[in-house]
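Once you scroll down, you'll see the structures, which are given as structure tokens.
Across the two complexes that follow, subunit A remains constant while its partner is subunit B and subsequently subunit C.
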Partner chain A sequence: MKKYHYYMMALIGVAMIISSCGNGSNKSSSNGALGSSAAEKVYVAPGQQDEFYAFLSGGYSGNLTVYGLPSGRMFKEIPVFSQFPTSGYGYSEETKPMLNTSFGFVPWDDAHHPDISQTNGELDGRWIFINGNNTPRVARINLSTFETEEIIEVPNSAGNHSSSFITENTEYVVAGTRFSVPVPQKDMPINEYKGNFKGALTFISVEQEHGNMDIKFQLLMPGFNYDLSHPGRGDSHGWFFFTTYNTEEANSLMEVNSSQNDKDFIAAVNWKKIEEYVNNGGGTKMPADYAHNVYDEGTHMGTSTMKKEVLTVDPLKVPGAVFFLPTPKSPHGCDVDPTGQYIIGNGKLSADLTVHSFDKMIVAIEDEKFDGEAYGIPILKFEDVLAGTVKSGGLGPLHTEFDEKGNAYTTFFISSEVVKWKLGTWEVIDRKPTFYSVGHLMIPGGNSRKPFGKYVVAMNKITKDRYLPTGPEMEHSAQIYDISGEKMELIYDFPTHGEPHYAAGCPAELLAPKSKKIYRLDDNKHPYAVSNPSEARVERNGKEVHIYMSTIRSHFTPDNIEGVKVGDKVYFHITNHEQDFDVPHGFSIIGQNTSELLVMPGQTKTSIWEPKKVGVWPFYCTDFCSALHQEMQGYVRVSPANSDIELSWSLGE
Partner chain B sequence: MKVNIAIYSVLCAFFLFACGGKEEKKKDGFSVDRTKSTEKVEETTPKTSEVPASQRITLDNKGVGQIKEITLDPEIDDAMVTKGAELFKTNCTACHKTDKRFIGPKMEGILDRRSPEWVMNMILDPKLMTEEDRCAKDLLVEFNGAAMSNQNLTVEQTRSLLEFFRTL
Partner chain C sequence: MKTKESTMKLFVPLLILFMVTACNTKTKTEPVSTIGVEVSKEQGQAFIQNDESTPTVLSIAINSPDHTTLVAAVQAADLENALVNAGPLMVFAPTNEAFDALPEGTVENLLKPENKDALANILKHHVTPGKYDKEFLKKFKKLGQANDQNTTVEVKDDDVYVGGAKILASVPAGNGIVHVVDKVILPPSEE
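Moving on, here comes the complex of A and B:
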């Protein structure tokens, strides 16, 4: 036993010397893979920065993660729909309103499809939008602060899945419902679904200067499942396309009953026509309850407003606005190529891709070549709108993205592969396996008029043996392929957080130069901010105690507080007086029933503490801020409820 | 077994040191002498002064940074002073008091000890100054390692602060 230990330690020691002193002498024996071109392609040397940002949705984490390409390094998790103790989002008094809904405080959601704002169909990097699927919501994130600035709830929707895709000038962000429901909601037998439920396709307008969202109208469609969507662009700008499934309108055992029809539809919606109709007074106002939550960068505060009404539109009242394009086999992804000419429907139970032609669709509409109607909405003839079929040989096509050279890349879930094919000729050029069961894929700008076709990221649903095992639950795997050549080349594999459904990417230079470094203290309009340490104070208002506190490396002002009593509700309003990049201060106090706060330079955040025990209780900075970080602490003296100790506060006295 | 671990730890520590890049001599034993770090500085550089950095007069030293030369008008600009006093309140009082040492040095008489250029450079880029300016380096040590925060002020704002300091 003893010998064994000696031996082990010697081995570890030797390994340490080699690893810590490793330099030129070991080069020849370095790992073979590190010398290959794949490694060079993804290697971003220490101190160097990535070429692209990639924003991956977190799925059931409710948040959005930021990665670099090609390194696959994760830079940040942006809290959106979920409470996030790391920063205090959803815990601080300022951010709790962001998670308010008509169902009350909902601290979680299922975040699916991020989409970066566009101008003329090209990424402009102002904002990124993402949908909450479970309690239907759409969020807008500012791409200079990387903070969630706005969340709007979507009434009459249930399962906000065909969302949050934007039109080519960010006129609208759409929110189509995956689950149809009674509109308005009412108590009725489930099996009376057919013909009675509705599917709301919501068009949320985006104010161009600040990005503020407002529901412009809701199109009340037949009770199908509206699965995914994408906007027209170029010639097809003004249209929006939604895939549907469950046109059977089944309400039980859906995996069988929703797969009966050979073809479901892609719904083509001429939103410009409906916008005109609405602007001319069309539509019906309907009572509704939904929350609209806005975060103000000046006051560092979110406010929630309950809205009471929504404008609904019956598609039959706007002739020529909505058509159905028959699309085989329960289509999932609905993707439009950079020219706006082709609409690709990926029939997930099929081996083939169906490509519709926008021009042919317009001709068919003009010629009124209909193949019947569904609830009064004209169905176009499949053959009349079909541009081509991609015979891929793969199974379970889900999503398609595009490069700038006329190629499309489609994921196949069942056969675990990415297939590259050519628009127009529909021939398959290349196919590469993914690991495993790929869902979405993303090319930066790959769903805009101007893709940057250098890399494609495949986001998989199953990880299995790709990484060291971590018990039954593992992060999902993603793969990066170099697509700059004719053939795709797998160059990297990295784990992702939560379950990414879709992602959006853009060149780094679009965002990096304007990324905010600090909030200016003299712009801080928070009502409880202290602009200088002499304003730091403690005030009592009945049982409420407000502590106006400031921080700078490395002390709190004040750091000794007395006169607080058991049963008080203590508000710590912390203003970070730093004005230097990347110097947040944290705040936490023993027994706090929420999370810490992480306060950025120039920002004010508030945490509530309800002391339950008499004593002298410490608080401290949670973010290692300087060499004297460990000294950044203070005490609150908590006296019995009936004590007559006066409020007092001090620093260095 | 315990002995093994002890030997192993010492060995590992030795290796880590050996690879650390700097060729510092390993000192034996254990010490709580807090002034050791200053002693070390003095070992490598010749002793220039026994006077603590905060009391040294370094009027010839302009510091390191963008301010190379400024000329002060004999007359004090009151408007600038008002501006500077306000900025001092919002951006400096967390660490500096005018009349006594706090986290950092007192501001009274600062211009009797430091050149105007040095003061402005220190405000505009404290990190660079503590890296490259001897006096700033020593001040950091004297003031307990509490690094001065960069408050991202403009040259104009910094100039106002300087004008305010002239009145102290």
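Moving on, here comes the complex of A and C:
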């Protein structure tokens, strides 16, 4: 029976080939450019849409980029920690507060690890979080507007690298410090680091309705470097795991001195236990100084609040909450499989991966089988918690992601490859080269309970000959592999923006249907909004001039303004009266010491201009909004400082 | 019967393949790949022509007449691409003489395809992640090698011995440093 079935299939197949061959204008000729199945796999025809969103961190661009998979097309750059003239983010009066810190206005950061919010360990697509590494901050981006809504600074931290990973119900987003520092900061000799510096692991609570962040507590750990982290999930929900290096506590020439110990640690933190301790009044309040910046979608305004206190927790005061798992060779990535059973340490100076077992860890803790302690924190015995070792044959493992079939995929920086291996048996199934020197990799949902293991994106640090050369500086390269089969297939190569340190992806249907199209004008609560062009006006308050302006295709109301004087500070408050998807208007005026603005339909944005010269100066719309875009312009007459010309404004007079 | 059936199973797809090829004459010259993009062995950073950058540890070895055996071994073990990445890498490069000093037949044996893993293990034992000159190496007692085993550092008079091999000369590279050594450093059998 089976045999006949097979022959039937073969016959049908042959018949199909013959029929397609007889057809003169057949597919095989029109698909000349698609000579391989790889091309078909990544080809998203004009007008068609991608299957997945991918959010790639922009690294030193400070931003987050949005791509489609499998096409590798970039859809948007979301400004987060950096001023962004394309939209006016960080230049407009409404968004400047978003970049406020305890160090003042910091218009840049080094964006690292995006993570999409989860419910029950599965991606829910409400928000995406990303950390700023340089001036420690965590940002939350709304995934219906794709706008940065909130940024919280992290005090007592320096090099916010072990961040911004979330627990499986988005209870917390974590921020572990890469550089240990004096806590609180003080003037002291650098070489007294050892024993005196602290490493803060910060747990930031996330309010479930609006996502608002607040520092719940900071765990003040020994002065190691806290590198990366991931939450427990399933049975291990309630725990968080952080890789450490420099357990030597060296303060100079780290490349030698922090590699002396054969093993560093993965710190296992029972955050539920600490949460309970804190909820019962535990912890010590300590003076601190950090900014909390929130953008309100109703008022279209950001506000910055300086916070003055933080709750710290000494790990020794909460017995049973923190343990160290010895892990070889300065582990970098700390990854937890979809079941929550395995904790993977990617020893970056090693060839092997160390996999710890959560169940074994719990047994070892219950049996109190400790191998000494570090600053009072119990160290578990390596052999007692080890689940297995992946003998990869590769060099320099960095990061691991997972599919839903029990496989793990690890990047190897030095040997420049992705290695697929099996959880439980630890056998290597496949390996494929990447181009070149791969850092992170991403499978949509690949660090959740429910991965979508169709593609893996490998993000490389080096590009060299992958694209046409563009001088000494090139965008980094990424590769997409189809991982639906037993063997990985390299199917596409695309440039990425900035330096992507990690990415997060999700199915398109999770976000696309709820993506916001316009802001409703009747919901606009901006204090300087004009809901009707008849309300447009200009008001003077001493040397401040406020212009309440509206835009509609294709004019500004008003477009002629007189009575402005040299030395004034002129605020253009622009409300876009369009209520039509994808019709923003822009604004800029000659000699402005800031960028243009882009105002979305129904939104109000404010731009400042401080005229320095007498004259009649034009402003215009920067976004090609309509057939009459070139007509969308106006003039401001600037008179001498001592002029007595009255303020006046008009349109069409 | 069984043989016949399996022959048929092979034959039918072959026939289909033949028909596809015969039919698809217009795209005959284009490479057709059925499993992803084919990547040839000689692809990657090691094979990029670049005369402007400082030479890598690999190109230094390739251009040294004293290291032909080492280079042949690196190629046999497919380790070229590992030696050209951003590093930093410190390579202890035994001379041809050092390889010649091994028991007769050792090198020939290691170069056999079936011994590729053993060869790679020995070669990786000559590589340290890091870049330290000879003077700086005196600060170390041991080094962690790329094959996951440690090797020793000893100072005798002004000479530095790594795993028993004496550093004869050093050449800085763009992605690390090459220390020419007088012995092959054999990995410790048990650690």
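Following the convention adopted for this analysis, the second predicted complex is superposed on the first by the 620 of 653 C-alpha atoms of A that agree within 3 Å, B and C clash if a C-alpha of one lies under 4 Å from a C-alpha of the other, contacts with A are read in each partner's own complex, and residues count from 1 in each chain.
Heads up, the rule we're going with is that a residue touches a chain if its C-beta (ideal position, glycine included) is under 8 Å from a C-beta of that chain, and two chains touch if they have at least 3 such contacts.
Predicted, not measured: the structure shown is a model, and the values here were computed from it.
When the shared chain is aligned, subunit C comes close enough to touch A:415, but subunit B does not. Residue contacts after overlaying the shared chain place A:255 against subunit C, while subunit B stays out of touching range. By the document's definition of touching, neither partner reaches A:191: not subunit B, not subunit C. In the superposition on chain A, A:580 makes contact with subunit B only, while subunit C stays out of contact range.
Using the contact criterion defined above for the overlaid structures, shared-chain residue A:280 touches neither subunit B nor subunit C, since it reaches no partner. In the superposition on chain A, A:554 contacts subunit B only, with no contact to subunit C. Which of subunit B and subunit C touches more residues of subunit A is settled by the count: it is C. Within the superposed three-chain model, A:395 lies in touch with subunit C and out of touch with subunit B [touch as defined at top]. Within the superposed three-chain model, A:642 lies out of touch with both subunit B and subunit C [touch as defined at top]. The contact surfaces that subunit B and subunit C form on subunit A in the two complexes overlap at residues 6, 13, 17, 20-21. Contact residues of subunit B toward subunit A in the complex are 1, 4, 8, 11-12, 15-16, 18-19, 89-91, 93-95, 102-103, 144-147, 149-153.
Those residues of subunit A that touch subunit B in the complex are listed here as 2, 5-6, 9, 13, 16-17, 20-21, 518, 521-522, 531-534, 550, 552-555, 557, 577-580, 583, 626-628, 652. The touching residues of subunit C, counted against subunit A in their complex, run 5, 8-9, 12-13, 15-16, 19-20, 23-24, 26-27, 30-37, 39, 43-45, 48, 81-82, 85-87, 89, 117, 120, 124, 129-130, 132, 139-140, 144, 146-148. Interface of subunit A with subunit C (complex): residues 3, 6-7, 10, 13-14, 17-18, 20-21, 28-29, 32, 35-38, 255-256, 259, 262, 329, 349-352, 393, 395-396, 413-416, 432-433, 435-437, 461-462, 464-465, 481-482, 487-491.
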